[in-house]
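Scroll down for the structure; my scribbles are underneath it.
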Amino acid sequence: MTAPLLETAGLQAWYGESHVLHGVDLHVNEGETICILGRNGMGKTTTLRTIMGILRKRTGRITFAGQDMMSVPLHKTARAGLGFVPEERGIFATLSVEENLMLPPKVADGGMSVAEIYDLFPNLLERRNSPGTKLSGGEQQMLAMARILRTGARCLLLDEPTEGLAPVIINAIGDVLRQLKQRGMTVVLVEQNFRFAAKVADRFYLMDHGTMTAEFPVSDLPNRMDLLHRELGV
Amino acid sequence: MPDMAREIAGGKSEPVPAEHVAIHPRAGTVQLALLAVIAAALLLAPQFLYPIFLMKLLAFGLFAAAFNLLLGYTGLLSFGHATFFGGAAYFTAHAVKVWGWSPEAGIGLGVLGAAALGLVMGAVAIRRQGIYFAMITLALSQMFFFFCLQAGFTQGEDGIQSVPRGTLFGVFDLSDTMTMYYFVLAVFIIGLLIIWRFVNSPFGMILKSIRENEQRAVSLGYSVSRYKLGAFVMSAALAGLAGGVKALIFQFATLTDVAWQMSGEVILMTLLGGIGTLAGPVVGAGLVVTLQNYLATSDFPVTIITGVVFMVCVLVFRRGLIGELLESSFGRRFFASRRTRE
Amino acid sequence: EVSDGKVKIGILNDQSGVYSDFGGQNSYEAALMAVEDFGGKVLDAPIEVVTADHQNKPDIASNIARQWYDNEQVDSIMELTTSSVGLAVQALSVDEKKITINTGAATTELTGAQCSPYGFHWAYDTHALAVGTGGALVQEGGDSWFFLTADYAFGYSLEENTGNFVKGQGGTVVGSVRHPLASTDFSSFLLQAQASGAKVIGLANAGADTQNSIKQAAEFGITQGGQKLAALLFTLADVHGLGAEAAQGLNLTESFYWKRNPESEEFGRRFLERTGSMPNMVHAGTYSAVTSYLKAIEAAGTDETEAVAAKLHELPVNDVFAQDGKVGANGRLIKDVYLMEVKAPADITEEWDYYNVLATIPGSEAFMDPAESGCPLVTQ
Amino acid sequence: MTVAPAMTQTEPRVVLSARGLGKDFAGFTAVNDVDLDVEHARIHALIGPNGAGKTTVFNLLTKFLQPTRGTITLLGQDITRTKPDKVARMGLVRSFQISAVFPHLTVRENVKVALQRPAGLAVQFWKPLSSLDRLNGRADQLIDDLGLTPYRDHRAADLSYGRKRVLEIATTLALDPQVLLLDEPMAGMGQEDVRMVAEIIRDVAQTRAVLMVEHNLNVVADICHHVTVLQRGEIIATGDYATVSADPRVRSAYMGTEA
Amino acid sequence: MTMIFGIPVAALMGQLLVGLINGSFYALLSLGLAVIFGLLRVINFAHGAQYMLGAFTALLLLTEGGVNYWLALILAPLIVGLFGAIIERTMLSRLYKLDHLYGLLFTFGLALAIEGTFRYYYGASGMPYAAPAALTGAVNLGFMFLPIYRGWVVVASLIVCLGVWFLIEKTKLGSYLRAATENPVLVQSFGVNVPLLLTLTYALGAGLAAFAGVLAAPVYQVSPLMGSNLIIIVFAVVVVGGMGSILGAIVTGYMLGVVEGLTKVFYPEASNIVIFVIMAIVLILRPAGLFGKDA
């Protein structure tokens, strides 16, 4: 078996003085979609931010595509092939939709073309000249994802892509994720919406107070419902 | 707007280490002995050094200490303190020279005038914070500069010259250099005591807490802007005290004292000596004044050195001389209680 | 009997600012030349000259002066370009009881209300400039004036003297505008002068300020419009700085011109060799002031201030700068001044040959009568 | 002597109320049409997903932000246009989501800063610091109540995250407020601390009103008398915990399960 | 002569034009300050010194290398921009993690050191720099003679201001800059080298100051202190316009130049102060500035 595309070991991280990650071990294989579940404030977002290198007060090990990421400066993380879609989406108000879309530089070949993206998200095409933050929440979420698809990133870190979205849009995003998977994209998904996650993820991690307390494949889901019920109130 | 440059550089500065250094049992004795030495030195200094130079040093020491009252204890960087220093110099000089007031009354007018200017400038400036505050004070003081350039009583470019020193309380003839020196020394000590008291008072405690966490202070019911304004006026008044005395020492009040370069100079003194320490600004003033004196008759411009010292201080030496000393293991043992700012 | 065994003269002036061409380092050289020509010693005591830059700030100047007197045994201070500095140092010197000989400043206040028993005013003053340049222009028909005035003692004095003179001759002053010392942009002031419709625009400023005013007046077509510029204080150094092309035709008043007679020419060429420029009235005046001071010490047999001041008042001045100059009771050196016209470039035969001397104005006309100067020392 | 008005602690009395409260940020509505009544001697919880506008509501109530719409009444007085420090002096005191202490002051000094104002020792710039010594007793009492005695002379910056929150509550209580607003008081605390702080809150709420934002639903269920759920700036449910937690909208919006 | 409020129309128009010329410099300089502030959050106190450096570079290029005005107009901003880049990279960038006041203090020291050095070598008096032959002379506008060079100053400053505005509002690089102002970390996580962007921004700001300096050289002469008083007026312009607002800086620059020109006609004594008075009023009524968003 080949080495995982993305792997962390003993990852710890701090916000100023508050210790948030207490040793996160996680691995993602190429082409796989994993999902990190957990209650509010357990450190899911922090895990993604730490892998991206946005949170730099960290120790432990992060390997991506065989490369040690701990010492890579933030602006080079993307070039290694990691793409990040933040929880707050990060749409720029002073940029139009199209400018937002075109903003991230291409880091590798194999990204989607603009035409393909507009195919995937017809709403964006319609509104491509309006200011980014005038979009609805769902559209903003699509734009945030679309933005990364253009760059040729091999692995997407998605932070709660369904938060605050209507079910129909959630379904649309689910479709997009499945399409991406067919194209061989690797995805790390952080979700509170378990039902959504269950439809797209191959494997689950359960996070509690800054560590991974459980890990299981989607096939094992029925056996784990108890645990999830206890931990998440599912 | 997010604070990009700072975020890029990796968040707010390092957390303060929680070290506990034992205070040396004889720390109090050492502090007292040091004070005694300084007092003796100040009393005897005019026997060995040029008294005018010493007086200049004391006046600027007081000015810097007054400035630091604001920067060091409320975290407000004023780039306009020349207004209070120079404004008071004008008021005092005018009162003494044109109205024939006694020196103490003249200085009193200088202090009051500076306080009034402080009230006006402060009321406008404290509407904004940080760099905005600095720029606004700078611009307002430049406005005052142009006012002084044009107002008749300041004599424009000529300045108020040949200001008589007069007779203090009708008893002490200040035209005698030694008498003048001891008068300035007395004012200096009184000024520093006022600052010390101010900082170590209930009011000072509130100022300190405002600097540490303004939002929290508001939520505890403190009207932050009034406290800041209070500190601003106090600092202005003390800077005015220094300015009034300066006018009598040099018998002169000119545009140099209200120019923005003077505001820059006092910042340098404070930065060099140590922001937020009681002795730092005085030491910094001493260094700067000595340097200026040394270079006054050479043609090497002081500003080059001033500029470079500024850059070095900001880049590697932010605690200043006294700050570094207090932070050293020696300082921590003997002066731990004196530290008021990280 | 020379105090501290040597005579020390301070040359205090602007060495880096707007007036650095006007007096500047070259005044120091003039003083050194005077000392060398005198033989380097007086009453067997060596003579030393020190110098400093006061940056046109009266407070800096009086600090240096004080330090010189208190710590460095300087016996007298000379040059003192710019009126605010001149007044400040002269006042300080009264307290310190030291001699000052002012060659660089212009204000008549120095020998007027603020005169000093130990203060002397040597080269020129605003009265002389008004009579010289002002008089010439009024005679040519320039009977309405607008002043562009440097905003400090010197400018006021020059404006007032010239204005009074013009009015005395039947002319009018239609207005004035003040500009800060060392301005770079005169355009809006010049436009006001232009709008005033005055026939003459009097430049009551000096040094680089005047040069810039003249240049910008040309840019804005003011001279083409028929108005005439009066550079009230303009010297050879300024003509050189501005260039003969731009300066041609200007009337100006100086109390010295190197080409006026063989002695002055000999002095001028020595000076040129030493400094690279010909002396103007400030440089020649400084040479004369130092020489006269040393002569007075010699005559008094001491460098004690009262005695030397008395001799300075008493002795006539005869040197390359002045012939039969007399010092009034107010400290004013009374000597001839000259009205010049700047030659057209075509007429210039050698470098520094900038002037036609139009008239010689006798000292008694050029300078105020000491009795009328308002100096309290005169009336007693 | 006249008989005191019959007001027992159990009788509901609204001390803080908001009507039609709204806040727009540059075209984006963070809070909309919020009605809220906080009662004396009751603990009222405000919950909702991240970004629902809870902190914004706090900022509006304490006047750290000026509402775009609506009115706020505190103890019968309209405070819609009042300054935040004035509101605090009227008896409405808050804590912050990101811990708010004075880091370079000691624990005791932190508490004393809060005690200074009610004691009338705030503007005296001519008095020595020792004039504050008379506040020590009350300060130490509060410190002790909250179990901070061992840390009394430590600088606040050196405390653990949880203890900072406790300290913040101590400073807040020092003002003896009528209404207490706590923004995520348990966030970042260990299980021990959570239980202690919950006890403290329950305790202090006997004599004053408490409004708190909390994500820890166990605590909410445990100590809160009343729960209001916010989503996208609007109230989607309000009532006691059992009612609210049974509401399908709340379950889908907040608790993460689609009905 | 036609009069308005007792002032001849010709004189009024003349002063307006002179105000516009000054405004051109205010606009260029405050634009540079706004660009630097927008991204680096540094108040570039050395902006006046960089303006002076531009003028001096042009002068030295001419006297030492015989480089003419037109070439200097391009070369000097590049040279000063490079100098700015080096300063940013080696020193300024260390200060980002600290309070912004340190950036202000550092650049203040830098300004003093640069100006002191030039003062030491070249004295404080102005040195003439001739306008290019093509732009000498004046045109008679009827109400006044307009020196052609000054007309060119207005045109050149407008072109550059619009150019920079276009660069920032309409290009890819500009979209990085704007995005980075909103959320630098995210932009960096997209793979944009934001530290490099910061360096370039500082260089751009310094280069703009130098460009203004070259433009100013024939008008105001070249002197070491030419920027030191101007910079404070420009600060006031930026505060009035709203810190960090590109358009605000440009518009306010021209506007305040004209207001200042008018003041010279109606109440000359106040002309030095008027900009500061406006600043105080704006601060009281609209603390964020005329075009500023953050209150």
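Chains: A, B, C, D and E, in written order; residue numbering restarts at 1 for each.
By definition in this document, contacts are C-beta pairs under 8 Å (C-beta built on N, C-alpha and C of every residue); 3 or more make two chains touch, one makes a residue touch a chain.
Keep in mind that this is a model prediction, so the values were computed, not measured.
*Asks:* Looking at CA centres, what chain is most distant from chain E?
*Replies:* D
*Asks:* When contacts are scored as defined above, which chain pair ends up with more C-beta pairs, C-E or B-E?
*Replies:* B-E
*Asks:* Please identify the chain with the largest separation between its CA centroid and the CA centroid of chain B.
*Replies:* Of all chains, A has its centre farthest from that of chain B.
*Asks:* Using CA atom averages as chain centres, what separation in Å is found between chain B and chain E?
*Replies:* That pair's centroid distance is 32 Å.
*Asks:* Once you find the CA centre of chain D and the CA centre of chain E, what distance in Å lies between them?
*Replies:* 49
*Asks:* Centroid from C-alpha atoms only, then distance chain A to chain D, rounded to Å. What do you get?
*Replies:* 35
*Asks:* Measuring centre to centre with CA averages, how many angstrom lie between chain B and chain C?
*Replies:* 41
*Asks:* Scan chain C for residues touching two or more other chains and write them down.
*Replies:* 15-16, 180
*Asks:* Give the residues of chain E touching no fewer than two other chains, as numbers and ranges.
*Replies:* As it turns out, chain E has residues touching two or more other chains at 119, 181-183, 185, 188, 194-195, 272.
*Asks:* Where in chain B do residues touch at least two different other chains?
*Replies:* Residues 8, 10-12, 15, 149-150, 299 of chain B each touch two or more of the other chains.
*Asks:* Mind pulling up the chain E residues that touch chain C in the complex?
*Replies:* 8, 10-11, 14-15, 18-19, 21-22, 119, 123-126, 128, 138, 140, 144-145, 147, 149-150, 219-221, 223, 226, 261, 264-265, 268, 271-272
*Asks:* For chain D, which residues count as touching chain A in their complex?
*Replies:* Spelled out, the residues of chain D in touch with chain A are 26, 28, 49-51, 161, 187-188, 215, 217, 232, 255-258.
*Asks:* What residues of chain C sit close enough to touch chain B in their complex?
*Replies:* It comes out as residues 15-16, 50, 52-53, 56-60, 62-64, 66-68, 70-71, 83-84, 87-88, 91-92, 151-153, 180-181.
*Asks:* Provide the residue numbers of chain E that touch chain B in the complex, in ascending order.
*Replies:* The touching residues are 39-43, 91, 93-102, 104-106, 108-117, 119-120, 180-185, 188, 194-195, 198, 232-233, 235-236, 238-239, 243-244, 269, 272-273, 276-277, 279-280, 283-284, 287, 294.
*Asks:* Could you please specify the touching residues of chain B with respect to chain C in the complex?
*Replies:* It comes out as residues 50, 52, 149-150, 156-159, 161-162, 250-252, 254-257, 293, 296-297, 299.
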